[in-house]
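Sharing a structure, written as structure tokens. Questions coming.
The first chain written gets the first letter, and so on, giving A, B, C, D, E and F; residue counts start at 1 in each chain.
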Amino acid sequence: MTGQLLRYTSPSTPDQFAPRFSQIATFMRVPVAETIGEADIGLFGVPWDGALTNRPGTRHGPREVRNQSTLMRAINHATRINPFELARIRDMGDVPFTRMFEVEASHDEIEAFAAMLVAENVLPLAIGGDHSVTLPLLRAIAKEPVALIHIDAHADTTDSFQGSKFNHGAPFRRATEEGLIDPAKTIQIGIRGTQNTSDGWDFSASAGMRVVFCEELHDRGPQAIADEARALVGDTPVYLTYDIDSLDPVYAPGTGTPEIGGMTTHQAQVLLRGLRHLNYVGADLVEVSPPFDTGNVTSLAGAALAYEILCLLAEVRAGSATGKED
Amino acid sequence: MTGQLLRYTSPSTPDQFAPRFSQIATFMRVPVAETIGEADIGLFGVPWDGALTNRPGTRHGPREVRNQSTLMRAINHATRINPFELARIRDMGDVPFTRMFEVEASHDEIEAFAAMLVAENVLPLAIGGDHSVTLPLLRAIAKEPVALIHIDAHADTTDSFQGSKFNHGAPFRRATEEGLIDPAKTIQIGIRGTQNTSDGWDFSASAGMRVVFCEELHDRGPQAIADEARALVGDTPVYLTYDIDSLDPVYAPGTGTPEIGGMTTHQAQVLLRGLRHLNYVGADLVEVSPPFDTGNVTSLAGAALAYEILCLLAEVRAGSATGKED
Amino acid sequence: MTGQLLRYTSPSTPDQFAPRFSQIATFMRVPVAETIGEADIGLFGVPWDGALTNRPGTRHGPREVRNQSTLMRAINHATRINPFELARIRDMGDVPFTRMFEVEASHDEIEAFAAMLVAENVLPLAIGGDHSVTLPLLRAIAKEPVALIHIDAHADTTDSFQGSKFNHGAPFRRATEEGLIDPAKTIQIGIRGTQNTSDGWDFSASAGMRVVFCEELHDRGPQAIADEARALVGDTPVYLTYDIDSLDPVYAPGTGTPEIGGMTTHQAQVLLRGLRHLNYVGADLVEVSPPFDTGNVTSLAGAALAYEILCLLAEVRAGSATGKED
Amino acid sequence: MTGQLLRYTSPSTPDQFAPRFSQIATFMRVPVAETIGEADIGLFGVPWDGALTNRPGTRHGPREVRNQSTLMRAINHATRINPFELARIRDMGDVPFTRMFEVEASHDEIEAFAAMLVAENVLPLAIGGDHSVTLPLLRAIAKEPVALIHIDAHADTTDSFQGSKFNHGAPFRRATEEGLIDPAKTIQIGIRGTQNTSDGWDFSASAGMRVVFCEELHDRGPQAIADEARALVGDTPVYLTYDIDSLDPVYAPGTGTPEIGGMTTHQAQVLLRGLRHLNYVGADLVEVSPPFDTGNVTSLAGAALAYEILCLLAEVRAGSATGKED
Amino acid sequence: MTGQLLRYTSPSTPDQFAPRFSQIATFMRVPVAETIGEADIGLFGVPWDGALTNRPGTRHGPREVRNQSTLMRAINHATRINPFELARIRDMGDVPFTRMFEVEASHDEIEAFAAMLVAENVLPLAIGGDHSVTLPLLRAIAKEPVALIHIDAHADTTDSFQGSKFNHGAPFRRATEEGLIDPAKTIQIGIRGTQNTSDGWDFSASAGMRVVFCEELHDRGPQAIADEARALVGDTPVYLTYDIDSLDPVYAPGTGTPEIGGMTTHQAQVLLRGLRHLNYVGADLVEVSPPFDTGNVTSLAGAALAYEILCLLAEVRAGSATGKED
Amino acid sequence: MTGQLLRYTSPSTPDQFAPRFSQIATFMRVPVAETIGEADIGLFGVPWDGALTNRPGTRHGPREVRNQSTLMRAINHATRINPFELARIRDMGDVPFTRMFEVEASHDEIEAFAAMLVAENVLPLAIGGDHSVTLPLLRAIAKEPVALIHIDAHADTTDSFQGSKFNHGAPFRRATEEGLIDPAKTIQIGIRGTQNTSDGWDFSASAGMRVVFCEELHDRGPQAIADEARALVGDTPVYLTYDIDSLDPVYAPGTGTPEIGGMTTHQAQVLLRGLRHLNYVGADLVEVSPPFDTGNVTSLAGAALAYEILCLLAEVRAGSATGKED
């Protein structure tokens, strides 16, 4: 497009100074990748909710998080990080599913997509989708057991439900069994809500995970928990998984398994900003379910927390980026 | 039903392991009572809002609290209480009104229903309905003046409105006058919001009630308030009444008289969990108004706080249960 | 329950004279069945949406249709049929799923549930659920090829999607192949909306089905279409399947695949009332998706049209009922 | 106010050329009356819903109809009537209730308010409120039996409900008994929906009312029905009562007793515009329930149909106005 | 992207067989243009609402129409047109505004953007935005006075409002004055709603436009109106402008100036399908205001009617395409 | 109006004891002013949003804040201030715009309206409208540089956007340049959210403003911030401007530029109540955007915080009122 009138190189390349309601919605208004290798960090959607146990709709999560993420601008007011200056960030599109009705086949497709990024040294930041998708993401990313920072209302270490051991309440039990995560370097933050058995909590405890119930977070504050998480993880390659239901249902009504008494977005921001300078190998934000949202507050919170995670990744990537040129 | 395929004895007996969106919605997915006497604790609805002064709709409260209560599971993660193991809990249905347009006649029907339960030694847990319904419930339950833990944005000790002294702003003035509650063992928690006269606050004070304005709760924290309430009540038979508008309008938009600056659900949980081991004679949760709700957050909060109250009652009931066999 | 105060034999047996916002919500406020055999017509839910291709949520359909169906009363103003006098109608609860993530296993469970009813001579009226559930229902019901009256925006005779030939766009192709329906006695009414290929429409045509596109219905009117359907079906045992997306998205926003230009509820009523005195062997109403609904209009329309279908079934059942006593 | 900057004589006198989202919302943006006698036609609210049988909220009707009525402009595009040129139209405020919990006392207050207007020769146009309010309005207005044009989904000629014979399903039975209306000159239009008994329909029929079920309206069209109504009424003083639930639930979700298969707003407009030049003694529009509305479509329809009724009244008033000077 | 796993050439090139909730939302899921000249038909957004007079929000229209347009598939069921086979259709992005607070400067930017497309022989299909944007679009497109098919609730031939003669109620008065349209070959369809003066209707009439009030459309049916429009326009180059408020507020609550009594989407489809084989030089669909929408029905209707318009354009373009190769 | 039945002198004078859903909605249910001079404090609306940069709708703010403000009663429970006893408070209506599409012309009209009040010694309390309106308000009010207490998520000291230096992100940069505020006596509280450049924050800092980011407010608490603000301002004439987006998006979804991590309404109340006894010359509450609200929580919060501000103003006014008689 010759288009000297146009402010953009291409309409698929919106920028952050345009009016925020305009242009095609990509994650954070970054360009869509034309090649995998052009990205340092790859944002992508996992529009799949085939393993959830209650209210559906997270298949619509990536679309609406893209939409609300156009409200984000460049510089973090608290840390003054500008991730877009630190790393080449691209929207990689969504995982293209071809067997969406089958849990394990879909997991394979997620793994394959993430593996493509990993193969080209792109740091993945996935937007779900139900929480079961973290398992195939870990399979693609974790060459050896990684540390895990897991922020969620649920430990997700229960076992089979309705005959599937890959349901969205079980990924970290499976990841432990498959040697993808190191339970001794795993911290679960924000856990709460009733359960029918104590099986999941028991598994987390016996596997050696540090479980921070949300009451403890409210008592000690998110900064103290972040400090503990950083100390626990140390230099180990670490994966960060953020379940939007860690937030209180008021901050995240648009999710499948809401539990009252949760975190505020301010607490979530303090927690995430306390996790800088770790050796991130990937991250995700999951369980945004737009059909249950009101006023888009959940998608907005998802977008804004994904931005915080992006700052964490970009800072690390900038420090370690060596073999790539823009 | 022969039904070897069915997981349930009867479709009216859903269980807590079924997918939560399935089956007929009863309170907490407990069985519907077939006889009054089979229950230790009876959950029942009071779908009546004929004495409220502003926005209507709490007549729809029991139905939607039932609906959202299907999201509840068995074990309390904080206290590890499983109320369903401690007591036989049943859904008793709703109070069947026959004179719904008349305040006093309706109050009589509520009293009669609750009296049936009391007569068979069933501990009542009512889901309202507007707050005026607590007066007839107390009439059925309080054989002598009981202690009262009253969590609410409003003291509900004003006098007549629009010619009725039984409106939903007045039940605890009436209960004091009728000798149903002991004002010296009454604590009102979370009070806030403008008033046209100071008459209600003045009545509470002069009667000797302890009034904890919500600012004090925010300052001292809910645990301190709970401790004070427990000390005040001691061993006295006590009734617990929970008005959902004690929560901030953000946590409970679906109510008739919202007042900003209220409690969070986390504060409510801490407060309620601090009230264990009291000598409960009954309880209610009132003022959920689904037509004003958004995203069902109010009904969900109502269900989850009713679950917390159920844990309190079940623990006490288990300790005192003697004359009943399942 | 001794309960002389109670107007009901049991709280699980609400009646149609009670205030409609009160009591536990069963389909049309009929009693929950205690045995299968006590029913002439069995209303039951199929809370499953594991085979849909776009927007999810029909798993929540039965619960909300139950809720809105409490607005229904006894007598049809147009036909003066009172189905509750003509037949013993019961709520049979929901199909109890144990393998909800697997399409074919879930279909088996649906079939088994319906087969239980058929075995005891109960006429089934299912509330879905996605439209794929009609296939297992037909497997349970159609001992030989049945006629089919199929009201829908989509012919649902496409083939595999995402690797599954049992997705919700394909049940009537499968039913034809399995010999469950007689395509020469099949009429599809209300069809419209874009398609990526003409494959489904072509299959319907080549199989010999009568396809009434919605434009034809608007032109000729629903009475003419009903007349044609009755003539086509004659005395053949016939199954009636009603997809709520046959209604315009304004009348049914709460569905997964809305298509503009659809039927009004008045047209749907005229159409259904024109289908009296056929030899019904079963029926369903599917694709109500509460998470996408606004103001409950879809659930209300679903309940009201299910009531119309119930009138059709009850009238037939009353005429043919011989071997059962109440 | 000196206010040469202000376009208005007073901020309480907004005009129809101002931006429609601006200024204090009065009915149709007419001035608030300073004296009763200054008005030819008095619009007033009846914010009371104490006699309804199902979903509440019509007490909020007047406020929201005022709000949406600011979208109305002056000239009717179909009839070219400009009611504001034909008559002095004023907002009289709302009936000021002092006994809102008591059905009969509230009815007395409504009657007294309307009587004040009638006494000063002001033609009343009331905005409800539940439909029971038409009874006291008729008591104030009908010095002898008046003709009645009654547009509604329900005949409202049933008898007592929950012990009250003044509930909102019974006003026209009572009005017949009290000699306020002439059943032989009464036409009920749009009737539909299930009933538990045929008692109301039977009363209407046996009293001699003309009952036009909504199916007949759909078949013959609203113009034919209007013609019949005009012929039936002739020169008799006539009262027009419009229940918003005559509209289909899609056009009026915000009402207490929705019934599918109803009128469109276009049909309602044709019907009302067909009722010109009758001898109107008063009118009302009732049953708008904002808490159940979506996107304000019900309040908007209520405002726009109230405008159509206002055109009918203004035209008649202009023709007959003699004894008043502006 | 090497991406043999990916089904798409590029993530910016979604296709219509992917699950509809997945991938980045472009208009109709067509590729984003990389050069202007690669398109036969260019869909683009005009996210600007700076000249509307009442409720704002159409600046958000293009984003949400893109979102809902992903529900569209390829083949029109009524005409069997597949526009994607007939023409190279691209998403050109949005007009990039740099002076959004200034009406005339913004109009210039719209004109310049459209002129770029026209210069490269791309047939423009714009998605608004408020209706004032049609004026600059016509300036870019109409080299001589064009015929105009204008579907709308409002004639939009009023004059200045609040000091601007370019407000969204005036574009066709300006277009007449500027010689952009031939009023003798202009038809305005669906007009209705109150006005404060008859000035706009009078201008249309005196200029020689054919004004079809919505009552006439309801009476004669949309096919007859379409026939008349085709006869009026003949072979003259013609511009089609579709204001979503031509639909009834129930079909299009999400718009700034709703008027009851409007068209159904079925009527709109029949009308548009009746306008085939005209000599289109451009088209737009305007006034979708997502903040006022409920359940996305307006955006869905907008997307589906834009698809119908696209079919009209593609068919014509296919017939006339000569100088371009794909 | 003789009206002995009426409780009110006039229907335009509602009082605070009437049912809150009744009567015409004025701010806080105060009388509409008949003359400017009759008021000590003048509440007025500024229904204009022509300078905002993202989501529109604040033009609808005054109407809905009026609506929700009818929930307010007289006495502040925390301070026991009754502003209605301390000062004559009136609703002055809305600024009557005549050039709404032009930023600077509209600003002039706002200034002129406020100047009228100032000229008659009326203390102005404006309800916006977008935040740009504070600039013309200051022009009318600040005869010399005033101190400024500015509560907001954004510093609003950026420069031109889209060619206008008067956009809603810039008023306090302009006010500094115009000498309307004293930056050394300016405190900005609650600032947060991403920015594309640090230009605004840098301007605030270099101009000498005290900027309290929201993290600091969460850490130190609102009382400490209020104490600091009072010390900073001292006896200087001070203007208070409250942007509703200072609240978290959960408390104020209905605003144009939401930023997570914001204040709770409780924090806002503590903050405002900590600002008593300052030398207020005016105040505003801006950026309530009803089209983006859910459940009216934003309008309710806006009304309740406007009430808190009213208490501040009334107390000061009562102390200083000398030259006026009621």
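Definition applied: contacts are C-beta pairs under 8 Å (C-beta built on N, C-alpha and C of every residue); 3 or more make two chains touch, one makes a residue touch a chain.
All figures in this text were calculated on a predicted structure; none of them were measured in a lab.
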If you average the Cα atoms per chain, which one ends up farthest from chain C? F
Homomeric contact chain B-chain C: same or different residue positions, threshold half: same
What pair in B-C, B-D or C-E shares over half of its contact pairs, by residue number, with C-D? C-E
Once you count every C-beta pair in contact for both, which comes out on top, A-C or C-E? C-E
Measuring from the mean C-alpha position of chain B to the mean C-alpha position of chain F, what distance in angstrom results? 38
Contacts with two or more other chains occur in chain B at residues 19, 21, 55, 59-60, 97-98, 100, 162, 250, 292, 294-295
So how do the chains connect up here, line, ring, star, complete, or something else (other)? other
So which chains end up touching which? A-B, A-C, A-E, A-F, B-C, B-D, B-F, C-D, C-E, D-E, D-F, E-F
Touching residues on chain D, where the partner in the complex is chain C: 53-55, 162, 191-198, 201, 213-215, 218, 248-250, 253-254, 257-262, 292-295
Counting only contacts in the complex, chain D reaches chain F at residues 1-3, 5-8, 10-12, 14, 18-19, 21-26, 32-36, 45, 47, 59-60, 62-63, 66-67, 91-94, 96-98, 100, 109, 112-113, 116
Listed in rising order, the residues of chain D that touch chain E in the complex are 16-17, 19-21, 71-78, 80, 250-251, 264-266, 269-270, 294-297, 300-301, 304-305, 307
What residues on chain C touch chain A, complex-wise? 49-51, 55-57, 59-60, 97-103, 105, 162-164, 167, 291-292
